[in-house]
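Order of writing sets the chain letters: A, B and C. Residues in each chain are counted from 1.
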Amino acid sequence: MSAIPLAPGPGPAAAVAPERAQARAARRWYRQPALLAGIVITGIIVILAVAAPLLTSYSPTAQNISQSLAGPGGQHLLGTDQLGRDTWTRLLFGLRLDLQIAFIAVLFPFCLGTILGSLAGYFGSWADTVIMRVVDIVVAFPFYVLIIALVFVLGPGERSIYIAITAVGWVSYARLVRGEILVAKRQDYVLAARASGLSSVRIMGRHLLPNVITQGIVYAMSDIVQDMLAIVTLGYFGLGVPPPTADLGSMINDGQNFLSTHWQLTTIPGLAVVAVGLGLSLIGDGLADLLRPGQS
Amino acid sequence: MTHRKSAAWSLIAVSGLVVLAACGGSGGGTVGGQSGAPVRGGNLVIARTADSQSMNATTVFDNESIWIFEQIMEPLYTVTPNGKGVMPWLATGYKVSPDKKTYTFTLRKGVKFSTGKPMTSADVKFSLDQARAASKGWGYIDTAIKSVSAPAPQTVVVHLKYPWAPLLADLSLFANGIVPARYGGQTENEFYQHPVGTGPFKWDYWHKGSALKLVRNPGYWQAGKPYLNSVTWTDVPSDNTRELQLKGGQAQVDEFPAWSTVASLKSTPNVVMHLFSSTRTDYLLLNELRKPLGDIHVRRAISLAINRPALIKAVLFGNGKPANSVFPPQVPYYQKATKGLQYNLAAAKQEMAKSSVPHGFSTTILIDSGNSDQRTVATIMQSELKPLGITLKIQQLDPNTVNDNQQSLKYNISLAYWTMDIPDPDELATFAVDPKSGARSFFTAYDNPTVVTDTHQAEKTLATSQRQQLYNQIQSLAAQDAFMGFLYYSPYAYAAAASVHGFYVTPLGNYHLENAWLSK
Amino acid sequence: MGRMAFVGRRLLQLIPVAVGVTIIVFFMVHLIPGDPARSILGIHATPAKVAELHREWGLDRPLISQYWLFLDRLGHGNLGQSLFYGGSASGLILSHLPATLWLIIYAAVLAVLISVPLAMIAASRKDAIRDHVVRAVPLVGLGMPPFWLGFLLIYGFAISLRLFPVSGYGAGVTGHLRSMFLPSLTVAIALAPVVIRSLRASMLTVLGADFITTARSKGVPGTRLFLRHVLRNAVIPAVTVLGINIGFLIGGTVIIENVFAIPGIGQLMINAIFQRDFPVVQGVTLVFGVLVVLVNLLADMAYAALDPRVRFSR
C-alpha cells in the first residue's frame, strides 16, 4: 500500500550519498539494537498470535451476558466486553486474524507491482508510459477513500480487503522496482547477457529480479504495517471481517464508549496494533540499513 | 430515524432507515432541572449526529431537517406533550359538518410571520395545497383532502373525499406547516434556502456539514417566548466526540449519546441525562418471500427464541422495554394486552418441530455496517437461534445498501425501526401490514387479508371504541402471525448540561425550543 | 531539460491523470449498490418517487451518456448539483476546502517542527544511543491507528487537561490554531518518522560534505554550523518527502476529520459516498487528484531547484 513509503523508491527523496565503507562493515544485524528490538517485539507478537488457542481457555465468540463488562483480573485476565466475551481471548484471536490478513494481503500487491514495475522498467516505451500513467492515477486517489469505496462495491469481508489493498498497494512496488530495473539494466552483466542473445524473460528472471527484489522486500516490511492499519481501520468502521469474529478494529470501536469506565477495552487492542507497527517498522528500518548501503 | 451509530460510520449522514418524527410537541418544560423563572438570552448549542438535508418541509424525510424547520414553520394543530393527541396551535378550533367531510377551522389571531406580515387563511390554503401536491414528498399523508378554501381571512375550510379519522393528526405533520402564500414572491427553491414562518426562531445561517443557526423571532405569537437568543446545531457524527463536547462545555445538548454511556452520564456532575419516552420500536424483519421464513412456524419459533430482556441489557443497557405489539405504547390504540411472543425456548423448539424445517436451516441477517447496536443485536441473535438449529450469518453492508435491499426485499432477515410521524396509528398500520402499500408490509411481504381490511376500515371509522376494536384485532393477529419479531421499545436519549431548562422531546421526537432556556 | 519545459510537461501530464481519475471514480461510484434517491426518501421510498427523482437527476440515462454529460459540464467548470443538498457541488466543495487545507498545512508544519530537532539530535552523533532512540521511538507513530490516537489525545488534552477544544474547526485564525492542533498533531505523529528518517540521512550527508569539514576546520562553532549550514541544506529534502506523502496526508484527513468533527472535504467525501451523492464524490475526488499532482510537482521542483550536487559543488 502506498501510504508512507518508509523506504522510498528511487526518486528525489531517496537520493542520499553513500556512507563510509568501514562503518557499513561494522554493522551486523545483531549489532543493531533497532533491528534486534524489532525482531523481539514481532517475535513475541507472532508467537502470541500463533499460539492463541493454547493461551486461553475461552472461545473468542462465546457470549455470557450475565458476565458482561467484568473488570480485569479474576477469571478474565483483561475483563470482558459488552457481551461478556473474554477480552484477552478476543485480543489474541483478533491479533491472529489481522496479522494473518496483513501478511497475506501484502503478497498480492508485491507480486503485481513487481511484475508491472519490471515490465515498465525493462521494456520502456509504451509499456512504461501506460503503466506509469496508471500509477499516477492511483496515486492521485486518497488511499482511504479508494479503499472504502472499493469495499462498498465489493461488500465487506476478507476477500474485499485483499482486493482493495492490492488495487491500491501495487503502485509503490511498481515504482520501486521500475526504478531499480532502470539502474540495473545498464549494469555490465546485464548488457553482456543481452549481447549474448539471452531472451528478455531469462534476463529479467535470472539477472534482474533477484537483484531488485530485495528492495521490494524491505519495503514490504513497512507496507505490512500500513496494511495492518488499513485492516484495523476498516474493522473500526464496520467494513472489515463480519462479527462475531474478533478483529482489533472492531474491538477498538466496540470498546471506545467505555473509555471512562473500562479503559482496557479500547486501549489494549490499540496498543496491540501499535506494537505490531513498531516491531515491523524497526525490522524494516534495520533491514533497509543492512541491505542498502546507499541509505543510512 | 437517526441511528444510534457508534463511532465512526457515524460519518454516515443519512443512514439506513429513515423513519421519523413529526411535528411539534408542545407545552411547558415539564422536564429536567427546571428551577426558578425562565431567564432570557443565551445561545443553545445542540451537538447532533448528522447534518440536515434540506429545509423543504414538504419533501424532506430526515429528522435532522425536520427538528430544525419545526422551529420556524408551525402547523394548525400540534402534538400534545404525551404524543397521543393534538392541540390547537395556529388554529384555535374547528367545526365539522354532519357528513364528516367538511372541516371549518378558525385561525389564531395575532399570528405574524417573522417578516412581520400577519398570517391569513390565504397562507394556510397555499401551504396545504403545496404539501398535498408534493408527490415525491409527504403528499400521501393528505390524500383524503379534496380541496382547501379560504372564505374569510381567519377561516379555512378543508373538504374531504371521505370521512377520515386521522385528519387532525395529519394536519399536525410538519409538512403541513404554514408558510407565506406564494412563498412571499420567491420560488420554492429560493424560499427554502432560508425559510420563513410563524415559529419562535428565524433563519440565520447554515454552513453545510458543520453548523446551522437560528435566532430568536421577536414577534413570536406566544408573548415572552422564546427565551433563547439563538440555537446552533453542530454536526458531530461521532458519539464520543459529542459526549466529549458536552463535558467540555462546547455543546449544551448531546443528541443520542451511546446507550453504553447513559449510566455514566447520569452520574456526571452538571449533566442531566434525559430519557424521553418515545414511539420508537425496533423490529426484526423476516422476509416472507425467502424460504423458509414464509412458514409461520419458523417465524413464531424465531420470535419465541428472542430473549428480549437480554437484548435490552446488552444493547440498551437496560434502558428499554420488551415489545409486545407492532405498535408502541405511546401511540393511541396501542393494546397492552396483546400477547406478543415472548422468550420461551421450549415453545420455540415445538414450533420448529411443527415447521417445514424441523432440523433447522441456515440464513443471513443483513445489518448496517456502521451501527454497533445492530451488530450487537445480530451477534446475540446468532447465539439465540443456534439451539433451534438455525445458523445465522451476519452480513454487514453500508446503510444505503441495506435500505435498498430491504425495500426491494432482497434480504432474509434484517433489522429496522419505526418512530411515529403523526399521533395516530394509521400511518404505521398501513406501512406495516398492507402488502400493497409502498413498503409492502414493512418490507416483509406479510399479507393477512383480515388485517389489511381492518386497517383500511379503521381509517374511515370515527368512533373511538370501534377504532380501538379494529386496532386490537390488527395487533393481535400481527403478533400471532409473528410477521416481524417485535424487539423492544426504547426512549429518546438526550444528555444536556444542567444549565439547560425546559428542553422536552415528545414521544414523536420533536421538541419545542420556545420553552427552553439557559440558566447562568 | 529547462525548468519551464519540465513544468509544462508535468502540467500536461495532469490532464490524463485527471481524466483517468474521473473515469475510475465515475464508474466506481455507480458500481456501488444503493441509490441516492433511496438515501433521500428513506423508509418512505416508493418505486414511483424513486423513478421521479431519477428522472430529475438524469440517472435514468445510460451510464456512458451520464459520464459524457459530466465531462461536458466539467468543461464549462461546472461540477453539477449535489443530489443530497440540492445546491451546486462546487460551492459545497469550496466551502469545505479551507478546513482540509488548514489541516494538511498545519500537520505538515507540526511534523517539521517535531522532526527537525529530533533529527538534529540523532545526526549530531551517528550510532550513539540518542541516535538509536530517536530513530526507533517515533516509529511508534507509524503503526498507530489515527482514530485511536485522535481519541486518546482528545481524552487526555481536551477532556482531562482542558487545554484544547474537543473538536471542531474553531473561528478565526487563533480559533483554528487552537481547534486544529490536536487533529494536526495526530497526522503529524504518523508523518514524523518518515520526515525524521530522511532529515537525519540528509543531515549526515551534509555533515560529511567538504564545505562542512572546511568550516569545522576554520573553527565555526557546532551550533552555528548546524543551524546555518546543515539545517538549511537538509530541510528541503525533508519537505520533499512531505510532498511525496501528500496522498497519505490527504487520505489521513478523511479519518481525522471524522474523529474531530472537522467540516473538511474528507468528511464531505465520505458523507457523499454514503449518500451516493455522485456529483459531490466526483468533484471531491477530482480536487484531491489535482491537489496531489500539483503538490508532487511542487516537491519535485523544489528538489530540482535545490539539487544538493549543484549546491555542494559551489
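We take it that a contact is a pair of C-beta atoms (placed from the backbone, for glycine too) under 8 Å apart; a residue touches a chain by one contact, two chains touch by 3 or more.
Only a predicted model underlies this, so the values are computations on that prediction, with no experimental measurement involved.
Engineer: Determine which two chains are connected by the greatest number of contacting C-beta pairs.
Structural biologist: A-C
Engineer: Comparing chain centres built from Cα atoms against the global Cα centre, which chain wins on proximity?
Structural biologist: Of all chains shown, the one whose C-alpha centroid lies nearest the global centroid is C.
Engineer: Report the inter-chain centroid distance for chain B and chain C in whole angstrom, where each centroid is the mean of the CA atoms.
Structural biologist: Here the centre of chain C sits 40 Å away from the centre of chain B.
Engineer: Starting from the mean Cα coordinates of chain A and chain B, work out the distance between those two points in Å.
Structural biologist: Each chain's C-alpha centroid was found; their separation is 46 Å.
Engineer: Between chain A and chain C, what is the gap in Å from one C-alpha centre to the other?
Structural biologist: Centre separation, chain A to chain C: 21 Å.
Engineer: Chain B: which residues touch two or more other chains?
Structural biologist: 7-9, 11, 240, 397-398, 401
Engineer: Multi-chain contacts only, two chains or more: what residues does chain A have there?
Structural biologist: In chain A, 152, 236, 256, 259 touch at least two other chains.
Engineer: Where in chain C do residues touch two or more of the other chains?
Structural biologist: If we look for residues of chain C contacting two or more partner chains, we find 32-34, 147, 151, 155, 255, 270.
Engineer: If we count contacts the way the header does, which residues on chain B are in touch with chain A in the complex?
Structural biologist: 6-9, 11, 239-240, 258, 260-261, 264, 310, 313-314, 368-372, 375-376, 378-380, 382-383, 393-398, 401
Engineer: Quick check on the complex: what are the chain A residues that touch chain C?
Structural biologist: Contact set of chain A toward chain C: 2-6, 8, 11-13, 15-17, 19-20, 23, 33-34, 37, 133-134, 136-137, 139-145, 148-150, 152-153, 222, 225, 228-229, 232-233, 236, 249, 252, 256, 259, 266-267, 270, 273-278, 280-282, 285, 295-296.
Engineer: List the residues on chain C that touch chain A in their complex, please.
Structural biologist: Going through chain C, the ones touching chain A are 13, 16-17, 20-21, 24-25, 28-29, 31-34, 126-127, 132, 135-136, 139-140, 142-149, 151-152, 155, 190-191, 193-194, 197-198, 200-202, 204-205, 208, 237, 240-241, 244-245, 247-248, 250-255, 266, 269-270, 273, 285, 288-290, 292-293, 296, 299-300, 303-304, 308.
Engineer: What residues of chain B sit close enough to touch chain C in their complex?
Structural biologist: 1, 7-15, 17-20, 51, 53-54, 61-62, 135-136, 189, 207-211, 234-238, 240-241, 244-245, 247-248, 250, 397-401, 403-405, 407, 416, 418, 431, 438-439
Engineer: What residues on chain C touch chain B, complex-wise?
Structural biologist: For this pair, the touching residues of chain C are 32-35, 38-49, 52-53, 84-87, 92, 95-96, 147, 151, 154-155, 158-159, 162, 165-169, 255, 258-261, 263, 267-268, 270-271, 274-276.
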